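Next, two complexes with chain A in common: one pairs it with chain B, the other with chain C.
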Partner chain A sequence: MSLWVDKHRPRSLDDLHYHHGLSARLKALAASGDFPHMLFYGPSGAGKKTRIAGTLLELFGKGVEKLKIDQRVFLTPTKRKLDVNIVQSNYHIEITPSEVGNYDRVVIQEILKEIAQTQQVDLSAKQRFKVVVIHEADSLTRDAQAALRRTMEKYMSNMRLILCANSTSKLIAPIRSRCLLMRVAAPSAEEMQTVLDHVAKREGFSIPEDTVKLIAEDANGNLRKALLVLEALKMQNPDLEASALNIAKPDWETYCHKVADMIIQEQSPARVMEVRAKLYELLSHCIPPSIVIKTIADKVVEQVDEALKADIMHWAAIYEARMRVGNKKIFHLEAWVVKVMSLYKHFFYSFDMEADFDDF
Partner chain B sequence: MYDGSIIAPRSRGPGGGAATATSPTSTSSRHVGTSHETWPDRYAPQSLGDVCGHKAQIAKLQLWLGGWNSNLKSDFTRPGKDGMGTFRAVMISGPPGIGKTATARLCAAAAGFTPVEFNASDARSKRMVDIQVNTSNMALDRWTVRAASTSTVGVASADRTCVIMDEVDGMSSGDRGGAAALAERIRSTKVPIICIANDRGAQNLKPLISASYNMVFSRPDTFAVRSRVLSILYRERVTVPVHVVEQLIQGAQSDVRQVLNILQMWTVLKHGMGTEEGRSAVATLERRPVMNPFGATHQLLGSRTSGTSSMDMLEADIDLYFHDPAMVPLFVQENYLKTTPDRLHAVVGPRKVVEHLELMDKAARSLSDADIVDAKIHGSTQYWSLLPVHAVQSTVNPASLVRGNGLGYTGPTAVSFPQWLGHNTRQIKLSRQLAEVQAKMRPSTAVDGAEFRLWYVPGTLPHLVRSLVMDGARGIDSTIRFLEQYNLSREDWDAIVDVGVGDNASAIVLKKIPTSVKTSFTKRYNSRTHRVRSRKAAARSDLPGPPAHDKLYPDLEEIHSVSVELCMVAVGFHYAVQSDDDMLDDGDDRDANTPGSDAFILPPRIAAVAARGGGVRSGRGRADRGHTARGRVARGRAPRRGG
Partner chain C sequence: MSFFKPHAPKAAQKQVDPAHQPWVEKYRPKTIDDVSAQEHTVAVLQKTLTSSNLPHMLFYGPPGTGKTSTILALSRQLFGPDNFRSRVLELNASDERGISIVREKIKNFARQTPRAQAVASDGKTYPCPPYKIIILDEADSMTQDAQAALRRIMELYARITRFCLVCNYVTRIIEPLASRCSKFRFKPLDPTSTSMRLEQIASAENVPVTPETIQALISTSHGDLRRAITYLQSASRLAMSTTPPSTITPRDVQEIAGVVPDAVVVGFASALGIEQVGGDGMDIDMDDSGKTKAKGFDGVRQKVKEIIREGYSASQIISQLHDHVVLHPTMTARQKSRCALAFAEADKALCDGADEELWILEVGLRVHKAMASES
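Now for the complex of A and B:
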């Protein structure tokens, strides 16, 4: 009954369908007895976590699959309580410190110290160390990353870290240099097709060739998305004929496209306020602001004159960057919307723009 | 009122007030400038005649105090001619500096009571009120010091006390329960209690209001105060014109204490005060009204007739920001699009449209700048010195760009409350729910953060909702199976449905499912037991606490090799989640008498029964398990100590 994407996830490194070189390397590392800190990075849906799970299995054996979830309370210096969900087995522990936003440093320090100061009690364990998996490592604050540095060296005898991130650019150099970097690239269209076919075979049907191609293309390297789409399609349309196929967009994407259309249709203060309401709706329902601006910008750019495209994207990039520095995302999103409207109207009446790229 | 917290009134005994009031010879003979006493202290009213105004209230208070004994005898059942006979306490309220405390003290003394005063400098928590405010006895001084009319601490003693609770609206967070305790006291007191407050409407005074007679002191008129002030000035040998004194009194709103303070300060510097000086003194008194953000926004974004210099405007606008630095920027952001900017009044046609958008663009960019500054102020760096920059960027600059007509008080363009706050709260709530769902699904999925919302939520929705919509009641079982597969609960179902937008918005989705299906879904889910892998952290801290001898308890979190189940039994944890069967690392730790692998969460009601000693699962079995678990914990601990 679980989703195909979970049901058919490869459990061990041997079952993986692509990046065989990487799998072999991970296996060799796990067998060597010495194991470095590692940083897995690559786009979402490429298989980072699957590979981490495989590596842990290789390291510790079946025991790592017995997971339990625990909610722990941490106290900040200001006595604020933080709830953190922790997934752990007897050999490893997984945390997502970014859950607690700015207080991630507290969580990192507490958990790592605790793990690092206790030795493996189970004498039959394959390794003397425990592994701490840190998810979303690229959204760790600077403070938290700084807190990691020293611990990584000091407690090497008891503990290894596996960081999981989308890109290394937001990690400070000292962390990167302490880790073995493992890039998990997005699968190519062909690799995705093999996986899709494999899943279909396991589920007892076959997918027409065109359909596989269509899904793989639409997923754009995100295998998770491809598998979820495949399952959704199969539910709607059991024979999966490519001609009749209409890959349904997720709710937020359709919503973003609506917003883009609204921007193109009318440029007025009243419209900005309508757009604002929609943006609030998206943000409050946990759609990341950078995804929002990217999706809307893509859709807007599709519909405007060639001359405007570069400008619109330029400003989207600027406001996206500001959004990351600032607190209230909506302010920057709205500023971008107003900018686009202003650019559009200017172009419509072909006035010269006063503000240039150089303004920033 | 004029002296700080000294309990004793200056009058000695009941009749002393009149005697001392005739001539305060000691003070008038002192030379100005040599004394360190402040005028308000030196000229505090010595008798009821010195109090400015409040004649009616004083009369009432005297009558009440005078009739106290007979009222006490009749157990406060007879209202008397002014209706005060049924009250055991009086609440005096009024603005500061008009003689509330002095009146209370003098009235009490005049009626033959010894005033005992508590004010904000005394702790007045519930406990302290209970202990200190002795309301059933007569003054002890009378018994201990015998013939002497003053006690050792200078408290004049009569045979009866009167409690004056000053500044009761100042009972703050530290005095929790103080007001309620006081009200309780009032209901049974045998001595009169006079409570004094500035703001009768204060929330924490509610219990007192209902228990006491309410007496309002209003500001005395200028004439009543003037004569008193002039006589003081005469004694101090200072000449100040009458109209200046009046001006001062009006400026201070009849606050006698403040008037005297100002006059003393001026006479220390120069001997006297002229008209101009009076005016400037009054100017310093002016209290600036704190504007609410709505008013500030109207002023900021509303049209302005020019005339003031731009420098003044800048300062005025920054001031508006500082009325409420947290809210005003949000109000500006919420409302800056609702105006028709003044700057556009000379432009027409398409150019107007374009220039309007340009102004909006500049304003929006300024708001975006401001948010970055705000992050520096409120983030980890805490650059509070940037606050003025934030004021300009978030408020002054956008307002100056789009300022104009159009902002109404009602209708679609009315100044509205910032939506940001509500949406932000909602976002925090939903993302917390989502994080919880994601953590529960973690063992069987490999996804986190944004990806979960972006792809998994739309992916799971068909499984969670479609069958309920299409098959109605028949779809319930498959939905529940899906939830169980992912360790999700009925609440998690709600959480996932809640985060949908557009066509997946929860309102739309929930409307598609018939109500009967929804209720039977809930019922059927609750009627079964489900395997749950996670447990709430709160459960651990909400425990009634381990038995005192169980010293092993704190180690709970550090022992990884002990299964969760056994640990929880060890601390007497009855109904929380017990760990999954397959998570027990070694089977031999489980006693024969444990009912095997029933890793279920018991509904709290059943658990409560079990805890009370009824036996859903026998209490004895639990005790046995607890015992072994403790042993196990101890064993688990040993190697750590050694190594």
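Now for the complex of A and C:
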């Protein structure tokens, strides 16, 4: 038995519940025979992959649903072996090149050249080209993106690319200008409610109105999260009364909230040590440091004076950016914690923090 | 068969139904006279056609200004379709271009003495000068070592081989290479030549376009002709695919280009305390912003959350907000400069891969502060 998220995932473009304009466009493009390279972007859980799958179905028919998983070995110029998982059907191939980190260029070059230089053998196929779906395109290195550039133009006859990314900021301009951009916005609260109702109906129960609202609000535009929460709640509490519900937060989130409270309660070197231990705990459980800093900052900001809020966010942004460039994440997290503590303390003794902000 | 060879794209394209070909390839200039708006470069190259003497060349300039097109057109005019394959080697960033390739492939190609001139099959005569051309496209992504290895090769085989380096940033080419070449700068296309070219293509493809659409294409593409043509093609695809076929509106173009709608930018700006000037339709928004302004931090935060949920890209938002601020009539110079500082830092951070939400919020808060400080 599969999760509801997968079980009730729309299979075709017609089944989608929102962004009908977008679906109509995709359908028309798939039918026109003149299919461009595409770039889907939008926040996570908005339905990018569902739309990609729907588009592929529209392009090639049922054949794309017969997937096989392959493991391929690539050799870098320095004779290192890379293992890459590839999902493919007869008509398309899905890769996540960012899995291999810095060597993604090799994977991209090899796979694209291989696909591009073979032609569709199946005469009954609807399209003459194959589709390469690249997930997490925004974490491709510059080199890999540069390698894509000319290939995209040269092999247009045999191959189309579908890139899937959270944001277009990290893609170089030449790639963006070669793709048809498709923005998939997160569903609004009402749209999520209709989807939740629909899933509930398919499962044979109904949800009280308040509960739907609660779940939609909690998920904050992430439909996948909303459905997972719905399923979990249904397990715990079959009648889904809004009053009795308590949407369990992931434990790292509660943990982060605890850290935020600690920062607010006391500002001393001893407390910094305690916070540091907690931060290490979070990092060792593979919670991405930028999410940690964001969650803590969000929570801290809720509890402090209006005048401090902007400063705290400012430093969170600064240290987050440094963290990306730097090497040791914990240093920057700590630095931020200390900064927040000092700001907070200063705020109580004197109200003069203006100069600090402008100096930077 | 030979058309699978990576450096034979033209042969492969013969198979493609011209209707499905990207217009960028379809309307690539066939002769250097067709190249838009690079009069100076064209004039110089035109002479080489008659004198059959060519220096090493370095083409640089922003994307979509016709660098690759020019060199391809020139080599086609020099050698004709028959000799093109044997006389021209095109390598770009999608090919492996480490030092080993420079040592082997490029050196081997450079070393070959060109065959004697063959008679062109299509009846035209081509100058077919006694040298080969090696085109290194996107040369700025070559490693320093690979570039260094090229130095001596360029001199050694100068009698029978000409190099043409094509790149965006001339500063990434090492000095010894740059000094061996005559440099040609390709400037961004001016609006008139862009619009001429676009209209030409549109009429050849039977796509009805209004002057407003052309204007939207030009403003979204920032002098990048390839981008403008790609947008035009995408827009016409979308317009054709509806039933009945609709005409292309400027809004379609903006959506394809990933431009954030003006209403969103204006809404964001007013949440930050930048007051809106002119426009009667903005009255409702104004009332709205009055409320959010009162909320200060939370107002800004709310707005940022909305923008992130809509999935707009942070760099796009910031660049459009920048345009909005810079052209704003009533803000003081000091306020504008503070905003500019915030934008610059945010852009740097985003380039380093920082979190988008945090940085839009950061920009929002700093602009908000700047607006509140002295108004």
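One rule holds for everything that comes next: the second predicted complex is superposed on the first by the 349 of 360 C-alpha atoms of A that agree within 3 Å, B and C clash if a C-alpha of one lies under 4 Å from a C-alpha of the other, contacts with A are read in each partner's own complex, and residues count from 1 in each chain.
Here is the rule we use: a contact is a pair of C-beta atoms (placed from the backbone, for glycine too) under 8 Å apart; a residue touches a chain by one contact, two chains touch by 3 or more.
All values reported here derive from a predicted model rather than from experimental measurement.
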{"item": "Clash-or-fit label for the pair chain B, chain C on chain A", "value": "fit"}
{"item": "Touching partner for A:154 - first (chain B), second (chain C), both, neither", "value": "second"}
{"item": "Which superposed partner A:143 touches (first chain B, second chain C, both, neither)", "value": "both"}
{"item": "Touching partner for A:265 - first (chain B), second (chain C), both, neither", "value": "neither"}
{"item": "First, second, both or neither for A:320, with chain B first and chain C second", "value": "second"}
{"item": "Angle at chain A between chain B and chain C, C-alpha centres, nearest 10 degrees", "value": "90"}
{"item": "Contacts of A:78 with chain B and chain C, given as first, second, both or neither", "value": "neither"}
{"item": "Chain B versus chain C as contact partner of A:246, first or second or both or neither", "value": "neither"}
{"item": "Which of chain B and chain C A:273 touches, first, second, both or neither", "value": "first"}
{"item": "Dominant contact partner of chain A by residue count, chain C or chain B", "value": "B"}
{"item": "Partner chain(s) touched by A:33 [first = chain B, second = chain C, both, neither]", "value": "second"}
{"item": "Chain C versus chain B - closest C-alpha approach in the superposed model, Å", "value": "5"}
{"item": "Common interface residues of chain A - those touching chain B in one complex and chain C in the other", "value": "143, 325"}
{"item": "Residue ranges of chain C touching chain A (in the complex, touch as defined)", "value": "4, 6, 9, 12-13, 15-16, 19-22, 24-25, 63-64, 92-94, 96, 98, 100, 137-138, 141, 221, 224, 226-227, 230, 233-234, 237-238, 240-242, 255-258, 296-297, 305, 308-316, 348-350, 352-359, 361-362, 365-366, 368-369"}
{"item": "Of all residues in chain B, those that touch chain A in their complex", "value": "333, 337-338, 350-351, 353-354, 356-358, 360-361, 364-365, 367-368, 370-372, 374-375, 378-380, 419-420, 423-424, 426-427, 430-431, 434-436, 439-440, 442-451, 453-456, 458-460, 462-463, 466, 478, 481-482, 485-487, 498-505, 533-538, 540-541, 557-561, 564, 579-580, 582-583, 585, 636, 639-640, 643"}
{"item": "Sites on chain A touched by chain C in the complex", "value": "24-25, 28-29, 31-34, 36, 41-43, 46, 77, 109, 112-113, 117, 143, 146-151, 153-158, 167-170, 173-174, 176-178, 180-181, 183-186, 220-221, 290, 294, 297, 301, 306, 309-310, 313-314, 316-318, 320-321, 324-325, 357"}
{"item": "Chain B partner contacts - residues on chain A that touch it in the complex", "value": "1-3, 5-6, 9, 44-45, 49-50, 53, 63, 66-73, 83, 85, 87-88, 90, 94, 96, 98-99, 102, 114, 118-119, 121-122, 135-136, 139, 141, 143, 222, 224-225, 228, 231-232, 235, 250-252, 254-255, 258, 267-270, 272-273, 277, 280-288, 291, 319, 322, 325-328, 330-332, 334-335, 338-339, 341-342, 345-346, 349, 351, 354-355"}
